[in-house]
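Next up: some structures, all given as structure tokens.
Consider the two complexes below, in which chain A is the common component and chain B and chain C are the respective partners.
Our next item is the complex of A and B:
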């Protein structure tokens, strides 16, 4: 068993909040505005409600097995073979997710800031930092996230506030966007945008009990939903649904329109700083969980020797998409719309199976 | 072993530091030359003629402030170069062949189209710029009633040595006068695509200084407080020849007309962007004299829209605060017994001005530059319904009701002016009582 360390509520809250919110810096707002138009801001709230329902089910599952984490529950409920297979699916998908996240980061960075740097020269240093963080382990990653939590959210709020002169909230009309039915349908499908909350169930043994798990889960989902919604409102109010639906990074564009006299402009460098930090933390966390899952499958007690091969694999995954169209239209759709098949469907099926088969941990102390 | 670990860690840190200079994208500030203005005219042997004005990093461009070498294109601390090419961005590459530094648009402050070009449609030249990483959203959009090249040639800074600062301050004048809109590239691009309204751009021209009549002095010159003047026709001499006055109205990406400087003020009031400006009025009580006020919007205008039998009814309400700057007759319009009538007269003036301007945009151009559409959109549930209705096409059918309330807040340093005394002044003193 890998020694993962223990941390408190704020650390867990910080890492989950950063992991959930990092998507807002990339093409996520563009995609949702394209689908939902002026209704994007509450479409994401529908997704958030979907994620809250899923988290409630996840909590019920964890409550049945208070001494175990999600991977252990898989094995307990479905048996060793199927359980390990499910964990392996998680490991591979997470590695793929880490790779695609890096690709998206690189693609957007190349467009906005480093047009002449070869992608490998961006990906490689990024992965070195990710590998170093994975080497330190979960506690290190989470504590780093806690330090940068205030900076990331502070800068995000600062950008939204400074761009106030660009907002006209009349541009949120017509209120139903492309129709309520489409908004609800897309909102439900995009519940996957919040499905990273499942990671909390994987690291539950490092938390201080089931109550902390529940509190962190609900609060981060609410914070994530509100952050997404407010950012989308601001992007729509500044660029309308027409242009908001074509900006590669709506938040970056928002930081570019900030102008208070000749002396206070061009502050997008702040954004770049936040963007890089939150991306590194997110990818490091996903990368670590992938490592952890793989180690569980093959009963490897020390994850460190696996870091180098996993870094290499992530590097390979990062080069799967040939162009930006493939990133946006294939890989990000898989991650943000269909990843629920793995992150939501599997845990819910396991819960159902546990209920049907009456599997429950005998000793229920209420603490993880 | 422990020592080896430390050495490896130290070497790793050193290796990582190598990446800090960002080798591939590293550019020294003097390796680039920064275009300040970009002018687009119709080409003769190729699609377009692009004029770049870029800073020289020298105090006066080597040609002296305001002067310059005609052949090398030196103009007041900058160089003006024109090139013909198939596309705007290709023109930069062509230009690089002649400039010993990479031309960068990172600090471009103004994009100017010739009117001839703007009337044919600017969309195809705005599009590549909206994608291009170097172009800033804060670059201003201008249409010139002559050639853009000529305008840029006259874009000199006679005050101060920083051409970039001079350009930015030039557009700040929109706030002081309201004679032209300070339209930035980002907003112009959004307005090109919006279903809520139509875009505008600042309207500019070059003054040949021949508008100021040098004939004999008129014994009783006519008093014309509100004359509509085209850019380039302001009766003046001295200073730079460039001037921005009024705005260009677009229908989609094609320019369809203009608003004069006075209409522009009403337009800016209607959209809530009017900051301040002086207005001169003939004194009804003494028609040979005038009074001057400085107007400011008290708050953003209140706009509402509803549909009545398929006809959009729009209500526009404005609150304007004014300061009395001058009353030549020294009458006490600022005092309680006069102020109500005074404010009412001004409110009527602003109301009529706004109505006429809106009317012009409806009947002559059918271009909703006021973006009333954003309120009309509230009457539709979905984007499909709004698209099916096509507000932009229905703008001219809208009934727009304008209501203005004026509040004369202050009267400058003087309250209740004492009349000028002379042997003939007694009459005037009596009248004021």
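Our next item is the complex of A and C:
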């Protein structure tokens, strides 16, 4: 078993908040504004409510097996073979997710900041840092996330505040967007945008009990939902839904419109730090969990020898999309809409199976 | 022919094995790490004790304890480790019962007559028993030897009533303030090397060592690198005893404990471990003892050398041990629950465990009002950021993110750079190199000329470089601010680390602009979060999150600092009651 270390509430909260919120910096706002128009800001709240319901189910599952993490529960409930197969699916999909996240990041960086730098020159140093973080392990990733948590959220708030002169809240009308039914439908489908919360169940043994798990889960989902909603309101208010749906990175564009006198303008590059830092932490976390899952499947006690091949595989995954259209139309739809098949459907099915088969952890004494 | 073929085959096989070993995974040996747990249960104490009993240092201590208590009990025999066996040299180490043998042993040990330092002065007591004293010329105080060892001895000899009883009461005759009975030659030799005098009288199976240390040392002077305006002006000197007395003068507490360890097979350097019993976490003391006892080296001359031998992360660019030359600072850390390690001959105390913020504190902070201290601390943090990242940010800005620079400033920079043939990176590296050269040269040039050289050198070099169109004037400003910021860092070792870190960020900024700097920053923070100082996470309080002591970045008023730092897990967490200014609660008429 890999030694993952232990950490407290704030560290777990920081990593989950960063992982959930990072996608706001990239194509996610564009996609949701395209689908829902002016209703995007509460469409994401519907997704958040869906994620909260899913998390409650996940909590019920974890409560039945308080001494085990999600992967162990898979094996306990479905048996070794199916359990390990499910974990392997998680491992592969997470690696794919890490690769596509890097591609998305690279595409945005190339468009806005480094147009002449080849993608491989952007991806390679990124992956080196990710590999270093994976080498150090979960505790190191989480502590790094906690240190940068304040920087990431502080900068986010700063961007929203500094762009106030550009807001016109009349742009939020018509409030119902393309219709309430479409908003609810898309909102539910896009619950997958918050499905990273499932990672908390994978690292639960590093947390200080089930209560911390519950607290972190609910709070990060609420924080993530509110952050998404507020950011979408600001993007819509600044650019209107027609233009807002065209920007590759709504938040980056928002930071571009900041203008306070001739001296204090075009400061978007400062926020590049936040973009990069939150992306590295997110990818490193996903990459580490993928490594962890793979190690569990084949009973590998030390994940470090796997880092190099997995880095190579992530590099390969990052080069699957040919262009940005492919990233947006295929891969990000897979990640933000259909990933629920893996991250939500499988745990819920396992919960149902546990309920049907009456599987429950025998020894329930201990931390819960 | 067959032999040759066999040899070739063997060579091929070994070559093949070495190639295979290059690509196959080898499990890295992870050294046992020490983590300071929340509860300070003394786990692993037995193990430490067993290790201690095996080492020759432990043997020495036992010998000393045995003799100082004047009991003749032998230390309980325990199996010796191979190293202990080697060093003890069982037979030859015991003190013989006849004077000639003992004298010869000492002569052999000190390479007499080639070595002229050891003085052996023979005498006889009442023409019956022979004896001698041995000391090192220059290390021992001859006045003490004459007046308090030899004179009482001869006075007693002159006294006719004295007889065989003398043998049992030698220690009563000698008037030095401390004597030890040592049954081993090695410990006797160590005592002589310290400056003490060994006395031997025929028939005894032990040496009596008398404290006669009396060599010249530098007096107590103001600290050289930690000077402050407000507060004590005393600094440590090279004398260990003086240093400990300087601490004791501040912390007048019976629980202040000083332990001694001998380190260095050839130098036999004494190191003191100082801590406040009941305040310090015992696990930290044990860990310090464990590390010191398990150092096998031949030579130790400074605290800097010992620091490298005991630190948690030798490859870290950031120091994880705080060095200070101030007794007041050492005392304040002891009272907070830390351990001080002082090396004889070095005017620095090493404080463990420390966290990042402790390195950013200046000794003056304690003496200043909280508002002043807090604002100065903020400046120091800004200084660290500027010293490590300013040149890198300048390169990134002018090379990758020119759109960020306001137009007027951009035109000014472009104008200044117009005649400079080098890229910004080369300019920065040239100036940084020049600055480092001036600094290093300033240190080597003696006296006041060194300081003058630094200022004049920087001025002339900067001016000349701009005139010659080698660098732009803005760059001079950048390098000057960086240099000044580096000097504002209160810890000498940390300032060194930041100097090196600067080049790391310069490389990142030159390669990939802000993107590169961001990645480098994440990697750097990753390194920081994994550092430990004697089991304590180096950036504790931030991550892992612990309760603050109200003296981290913001220095709260002194009466609000009720607790010791949480990460030290002190058994006595509270340092003062909730209301320490109790006079404020009283009615002024109640006196």
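Assume the second predicted complex is superposed on the first by the 366 of 368 C-alpha atoms of A that agree within 3 Å, B and C clash if a C-alpha of one lies under 4 Å from a C-alpha of the other, contacts with A are read in each partner's own complex, and residues count from 1 in each chain.
One rule holds in what follows: contacts are C-beta pairs under 8 Å (C-beta built on N, C-alpha and C of every residue); 3 or more make two chains touch, one makes a residue touch a chain.
No experiment lies behind these values; they were computed from the predicted model shown.
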item: Touched partner set for A:241, first chain B, second chain C, both or neither; value: first
item: Which superposed partner A:355 touches (first chain B, second chain C, both, neither); value: neither
item: First, second, both or neither for A:117, with chain B first and chain C second; value: both
item: Which of chain B and chain C A:125 touches, first, second, both or neither; value: both
item: Partner chain(s) touched by A:276 [first = chain B, second = chain C, both, neither]; value: second
item: Chain B versus chain C as contact partner of A:265, first or second or both or neither; value: both
item: First (chain B), second (chain C), both or neither touched by A:109; value: second
item: Partner chain in contact with A:341 - chain B first, chain C second, else both or neither; value: neither
item: Where chain A meets both chain C and chain B, residue numbers; value: 113-114, 117, 121, 125, 128, 262, 265-266
item: Chain B contact footprint on chain A (complex, rising order); value: 37-38, 111-118, 121, 125, 128, 168, 170-171, 173-179, 239-243, 253, 256-257, 259, 262, 265-266
item: Contact footprint of chain C on chain A as seen in their complex; value: 7-8, 10-11, 109, 113-114, 117, 121-122, 125-126, 128-129, 132-133, 136, 140, 143-144, 146-148, 262-263, 265-270, 272-273, 275-277, 280-281, 302, 304-305
item: List of chain C residues in touch with chain A within their complex; value: 25, 27-28, 400-401, 403-404, 406-408, 511-519, 521-523, 525-526, 529-530, 537, 539, 542-545
item: Touch list for chain B against partner chain A, complex; value: 16, 19, 22-25, 133, 136-138, 165, 168-169, 186, 189-190, 193-196, 374-375, 377-378, 380-386
